[in-house]
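Next up: some structures, all given as structure tokens.
Okay, so chain A shows up in both of these, paired with chain B first and chain C after.
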Partner chain A sequence: MSMTTYILRRVAWAVVASLIVLTLTFMLLYFTPDTQLAELQFQAAQAGDDPSEIGEAYESYYGYDQPIHVQYVDFMGNMLSLDWGWSETRAQPVTTAIADAIPYSMMYGVPSVIISTVLGIAIGLYSATNQYTRSDYAATFFAFFGLSIPDFWFAIILLVIFGVMLGWVPILFDTSVAVFSLENAQQLILPIIVLTLSSIASLMRYSRAEALEYVEAEFVKTAKAKGVEGRRILTRHIFRPASVPLATILVGDLLGIILVSSYLIEVVYGIPGLGMLSFRAIINQDTPLVMGTVLLPAFLTIIGNLAQDVAYTVLDPRIDYGDS
Partner chain B sequence: MVENNKRYRTGINRRRVLQGLTAAGVIGAAGCLGSDDEETDDTYTVADGTDAESMNFIQVSDNNTNNRLALVMDSAYTVTSDDQIFPLWMDVEDTGDAQVYVATLRDNLQWGGDYGQMTASDWVYMIQEVHQGEGNWALSEAAGNWDGTHVEETGELEFQIELENPNADWPFEPDLWGSYCMPQGLLEPYVDAQDGEGLDQDDEVQELAYAGNLGAYTFERWDRDSEFVAVRNDDYYMNELDADDFPDYISDEQVEAWQNAPSFTEFSYQAIDEDSTRMSALGQGEIEETNIPSTRVEQFEGRPDVDVMEVPYSYLTIMAYNQRMNGWEELRTREVRQALSMAIDKVEITENILRGYAEVAHTFQPEWSEWYDESEVTQFGEGDSYDPDAARDLLEENLSSGYGYDSDGTLLDPDGEQVTLTMVYSRGTETTATTAEFMGDELSDLGIEVEFDSVTFDQMIPNYVQNSWQGDEDDQPWTGGPNNDGPRDGSASEEDWDLMYGINFNTYPRTPAATDAFWTEQAPTNYFGYVPDADMASLFSTVRTSADQSERQETLAEIFGILSEDQPVNFVAMGDDIIGYQGYVDGPEEEFGQAWDRHTWAFDEA
Partner chain C sequence: MSVDTDTHGSAGSRETFEDVDWEQVDDAHRSLSLKAIIIASIYTVFAAGVIYDYVIKTPGTDTIGTLGVNLQALDWLYILTLLSILCFVVVPLYENKRMTRYYWRQFRKNKAAVISLIYLGIIFVIGSIGPRFLDRPTVNPSNAYQPPVFMSVEEWMPVECAGEVSGGRCHGTWAHPLGTTHEGKDILVSVIYGMEVSMQVGLIAAMITITIAAIVGVSAAYFGGWIDAVLMRYVDIQITFPTFFLYLMVVYLYGGSLFSMIVIFGLLGWGGIARIVRSEALQRREEEYVLAAKNAGASSYWTMRRHLLPNVSNSVITAVTLLIPGLILFEASLAFLGLGDPTVPSWGEVIASGRDDLQYAWWISTIPGVFLFFTILAFNFIGDALRDALDPRSEGSGE
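For the complex of A and B:
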């Protein structure tokens, strides 16, 4: 099997997985009781209005009075044409809401990913080659601190210290400042620190563990015996084989950490990114928006795994395409 | 030189944005921005916990949306904190029988875009085609308000509203008070196509492009879940009015303030979820105003730079007794409910749990309401009426046979088991959980065990509040809707419960007849299955239809007296709105409805 066929097969599986995700999402939505309608009817009752009338109008307005197959066809058609619906709690299309939110998440997510990837792997490799030294213990302590400390709490503490007590950073996130400005950097520094700390820790531990497998490997010893320079041994003989399993972490764990942390970080710092968007959509029972914010990471994961499979073949020539 | 109504702030304005835009280049050369270069700013910023949902007022009427809309559009008229009608776009007058009202528009109201002058035709079209539209195609939130009302254009700037029945409170009901309108030209294509979604998604609607000179500010931007910004509207119609155009009860000073309103060049609402962030922002002077949870008031007490105001609020917190078929059957006995209410110390709740930012309640009306008559009200749970020993006696005397206390003071049911009640409360705030647990402790002194179910509010409504008829449909004698789907012997909620805490109800102190939505057997909000001995429906009818103020006063006093005696629910407390303002904000008062003149507020000159 050629690499092209392999990739095409992986893409086809990604499409099937997406269709399954969409169908499951529709079924979940269809069978979940509509609490928004219940609240609407309760409000109408308190105002002395007829709750049944508002219920009928609501179902007719949103097409919930249509048979399930009609609703399913509409839903899939809309999904495929990227019409993900209208967010009732934001009064804008779901795709617009997501497109508006992505830049804010990227503003602190991208620097954090870069910093945590570079530093996490570098410190992990350093720890592995300097095992059980003071600096290894210090790095291990740092890693466990980052893993253990709750993001939400840590974010508030940093805000209290640097925002309230020292006044070095603004407390409110200002969406009107320019992306590449000192003010923006000032308001993003704390979110970046919190997110980096939580993601660097796991990367550091993983890369240390992976690298340790190769530190005492025969080919590394051979390289040392041949007098190969230390840095070259680290980057060519240890890091390269260790990078294959690390790629899994980069796509899976890192994505997970960032998506989960973004909920907490964005709520604390008031950043209107994807985490905040998703959090509020869930709290406000904004069904189309919940769906959009759930599907986006699902698709990202599918695409990420696809990219990861392709990356394996590039990073490790020993991997074949399963043509047996 | 700094203008009088301006304040030095280090907040965010256009200059700072421009600074930001050029900062990348500047910092390379200069090393830093001039941080000590404080600037003047007359931006007023309010922080809310949540953002508005939509600018389409037809479908949404929550406080957050209304607050933002009110910046860009005044409404028909408002009501002052002294309960006087203050005309904004129009004045409304009773023709004499409390059934026909005449609304007269000002002659200087201009829509934005090409929609011309606001006329009576716009209003009549809006009411007839949208609020009263067939099948409620636009999902109008006000459809119920206009049901059965006849509206007719009687002049270019005048229209007439004929109610189904006389109602002296009508101007104070939310039908026209605080209501908005859209230009007929904007609505027509959507009315013709009955396209509610199209109207909702119209950019002109969501960006309030039709607002013209109708509000003190002009819409500038709305960053969802973040910030709503409006800037001063130099064409504001109020600026053109003469002193004679204002009601007599408005002072010269107030007239001048309205003629020069607004005093801020920019007004913004920020949505900040996290309480601690919002409180920090208030403490640091980054915002001018925000609501303060009672648990966080202490951090501002004694601070000269922040004014904490306790503003009366019309919502009452209740603990409901489930008198339906899936509640404890003894709760149907009035004296049993009285005993439970007598055993719960409301003073402890208001003073300690709610930190003194609430008042003890005894009936469905605040004490400051003109309809509250203390002589008619029976108290439970305050002072002498908080008496666990007397409550125990009252219980013993009125429980069905088979119930009784054992030697340890445990209340036993006919099977010899301890009486155990389930209290469901809404999860979310610390004080709700603490109060529910406190009430459970208090009832344990009566020998009753209380088990707790903590649920989110949105789960509470469908699973505990809404109920459905359990028998054959043909046997159902009546229905009051999904919250009261028939007589209490035949209708039950999906989940069983006995006591419920965490729902607040509007007591409608300005339109008390509206409380009939709760306290008759077939009332749409009577989810707890209250069956009054008195003919409440008839009493409410008197209040609604009588034009005799003293008769209404007496009848309402009787109603609220009956409720306090019957204890269909435990009327626990009237909460206050706790609002923090920067000390330099001049305008807010600690009165109910204090924000009616918000556009005239200013920063202190000192």
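For the complex of A and C:
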């Protein structure tokens, strides 16, 4: 199988996975008793109206009286045309609410991804070339610390120490400050630290393990014997072959960690990003907004996995395009 | 070769290959051993208990009325998990003393892992016994904000100081060794209840994961062909589906419960491990002993059960040990967000309850957080040590 067919198959597979996710969502929604309807009927009954009449009006308004396949086609059509419904609590379309929230998630997410990628790989490579030295043990200890510390707990502890006790950072997130200003950097520094810590650990461990495979490789020994300088060996002979599997970890695993961590971090720091939007929607029982904010990370994960597989095939010429 | 050198002259005194009564041998091996009978009867008793609880007894009453014990679905699952650990981990380790000693020697090299094991053992024992004897932490506003023992806070903070008041400060007492929350719940008791919750989350989900991952991975590798294709394509989908967000959706639509959380994590989290099992089993399938077993007429089930499964178990155990801390952290995170099980006192919930008081009453969020951190750390350490001890390929690199 050629590379193009393989990539096309992978893309087709991602589309199928997305459709399955959507179908599952539809089924969940379809078979759940509608709390909003029950509420309306209760109100109607209290006001002396006929509850079943209200129920019918409500169902025909939202199209819930249609047979299941019509509703399903409607639902899928709406989802694909990015008509994700109307958020009652925010009085705006779900897609607009999400578009408003994304910049806030990016503000700390992007710097954190860059820092953890660069630092994580650098420390991992350093550990691998200086195996079983004091700094390697320190890096390993740090990795275990980052892997094990509950991020939401670490986030509130940092907020109390640096926000409340020392007063170095603001306690409440201020959306009115300019994006590229000192105030904004000040209030974003803790979220960046927490998110970086939770994602850097696995990167460090992976890059150390990957680089270790090449530290003792024949071509590295040859390069050393020829008198190639240390930095060049590290970047050209160790980092390059190790970067291929690393690139795949970067997208797939990192995305998963960041999507979940950011949810908690935003709730702790009050950042009005995607996680906060989703959390508020759950608390306020805003069904279309819950679906939108939960489906978006699901699609991002699918796309991330796709990108990971494509990156792997493009980067590594040795890969076998077989089925397994 | 030995058959060739074996002269027929001495056949009368020695039993040769041809003399063996294979039917007798087959019978001896096929009849159930004592161990198999005991294990089977343990599970039968368990199944009888479940049937009694859900089918026979009047709904809504206690499981064992006279003792006032009422078992929920989660408790039954937990019992099943503990039974399985006993039958498939403790008993084999006891039977194979030589291998156990070998593993222990490897494992012991890692001091951090040994300490972690002791720590988790203590958490498990206290978490299993504590909730049987301690009453659930209850809301008691007059008891709020008691500081931990040996600590003191400003006198005005607790409504009524349980300990002695001296110099305008309220001192902690042994009545509440770790202090109380803003609702007056005792933190030590909450932490002990949280131990059981964390162990249930980790162990039950791990058991579901191991069972499914082993069956799927081994069958995919052994049968190959379309079975392999279907199973692995399904795994592809499942891995891309973010469990955390699916659970959020389920919580939103149906309300959260610890049972549904564990079952969802268990049923949807096995994909990665099934892949590991499959790739391991694929290598093992080509080994001589598997071919020999097949040639000797072993059935598929027998080959998988006796030859493939035991040889992939090492990597499964390691992978699961590294999976458990993630599950415990998930549960705590969800409880922290208030999306967990509202009826269960979990560490995450206690951390959340002390969030707003952190600058006045630091102990409420800090203490359960420390337990959570060390539990996750301990599992990570043990998983890392197991990888070194059980994985023969890593030998040498860990020295």
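The rule is simple: the second predicted complex is superposed on the first by the 281 of 324 C-alpha atoms of A that agree within 3 Å, B and C clash if a C-alpha of one lies under 4 Å from a C-alpha of the other, contacts with A are read in each partner's own complex, and residues count from 1 in each chain.
We take it that a contact is a pair of C-beta atoms (placed from the backbone, for glycine too) under 8 Å apart; a residue touches a chain by one contact, two chains touch by 3 or more.
This is a predicted model, so every value here is computed, not measured.
By the touch criterion stated above, A:Val164 is placed in contact with chain B and with chain C alike. Looking at the shared chain after the overlay, A:Glu183 reaches chain B, while chain C stays out of its contact range. Legend: residue contacts after superposition of the two complexes on their common chain; A:Ser278 is shown touching chain C, with no touch to chain B. Once the two complexes are laid over each other on the shared chain, residue contacts for A:Tyr58 go to chain B alone; chain C is not touched. When the two complexes are overlaid on their common chain A, residue A:Phe142 makes contact with neither chain B nor chain C. Touch counts on chain A: comparing chain C and chain B, the chain ahead is B. Of the two partner chains placed by superposition, chain B and chain C are both touched by A:Ile156.
Legend: residue contacts after superposition of the two complexes on their common chain; A:Tyr72 is shown touching neither chain B nor chain C.
Once the two complexes are laid over each other on the shared chain, residue contacts for A:Tyr269 go to chain B alone; chain C is not touched. Using the contact criterion defined above for the overlaid structures, shared-chain residue A:Tyr6 touches neither chain B nor chain C, since it reaches no partner. Comparing which residues of chain A touch chain B with which touch chain C, the overlap comprises 156, 159-160, 164, 267-268, 279, 285.
Across the interface of their complex, chain C is touched by residues 13-14, 16-17, 20-21, 25, 28-29, 32, 144-145, 147-153, 156-157, 159-160, 164-165, 212, 256, 259-260, 263-264, 267-268, 278-279, 282-283, 285, 287, 290-291, 294-295, 297-298, 301-302, 305, 323-324 of chain A. Contact residues on chain C toward chain A in their complex (touch as defined above): 228-229, 232-233, 236-237, 239-242, 244-246, 248-254, 282, 325, 329-330, 332-333, 336-339, 348, 351, 355, 358-359, 362, 365-366, 369, 372-373, 376-377, 380-381, 384, 397. Listed in rising order, the residues of chain B touching chain A in the complex are 12, 16-17, 19-21, 23-24, 27, 32-33, 47, 50-51, 53-56, 135-137, 139, 143-145, 147, 174, 196-197, 200-201, 206, 223-227, 270-274, 276-277, 280-281, 283-284, 286-287, 457-459, 461-462, 465-466, 479-484, 505-506, 514, 516-518, 524-525. Considering their complex, residues 33, 35-36, 38-39, 41-42, 44-58, 60-61, 86, 88-93, 97, 100, 156, 159-160, 163-164, 167, 170-178, 180-184, 267-270, 272, 276-277, 279-280, 284-285 of chain A touch chain B.
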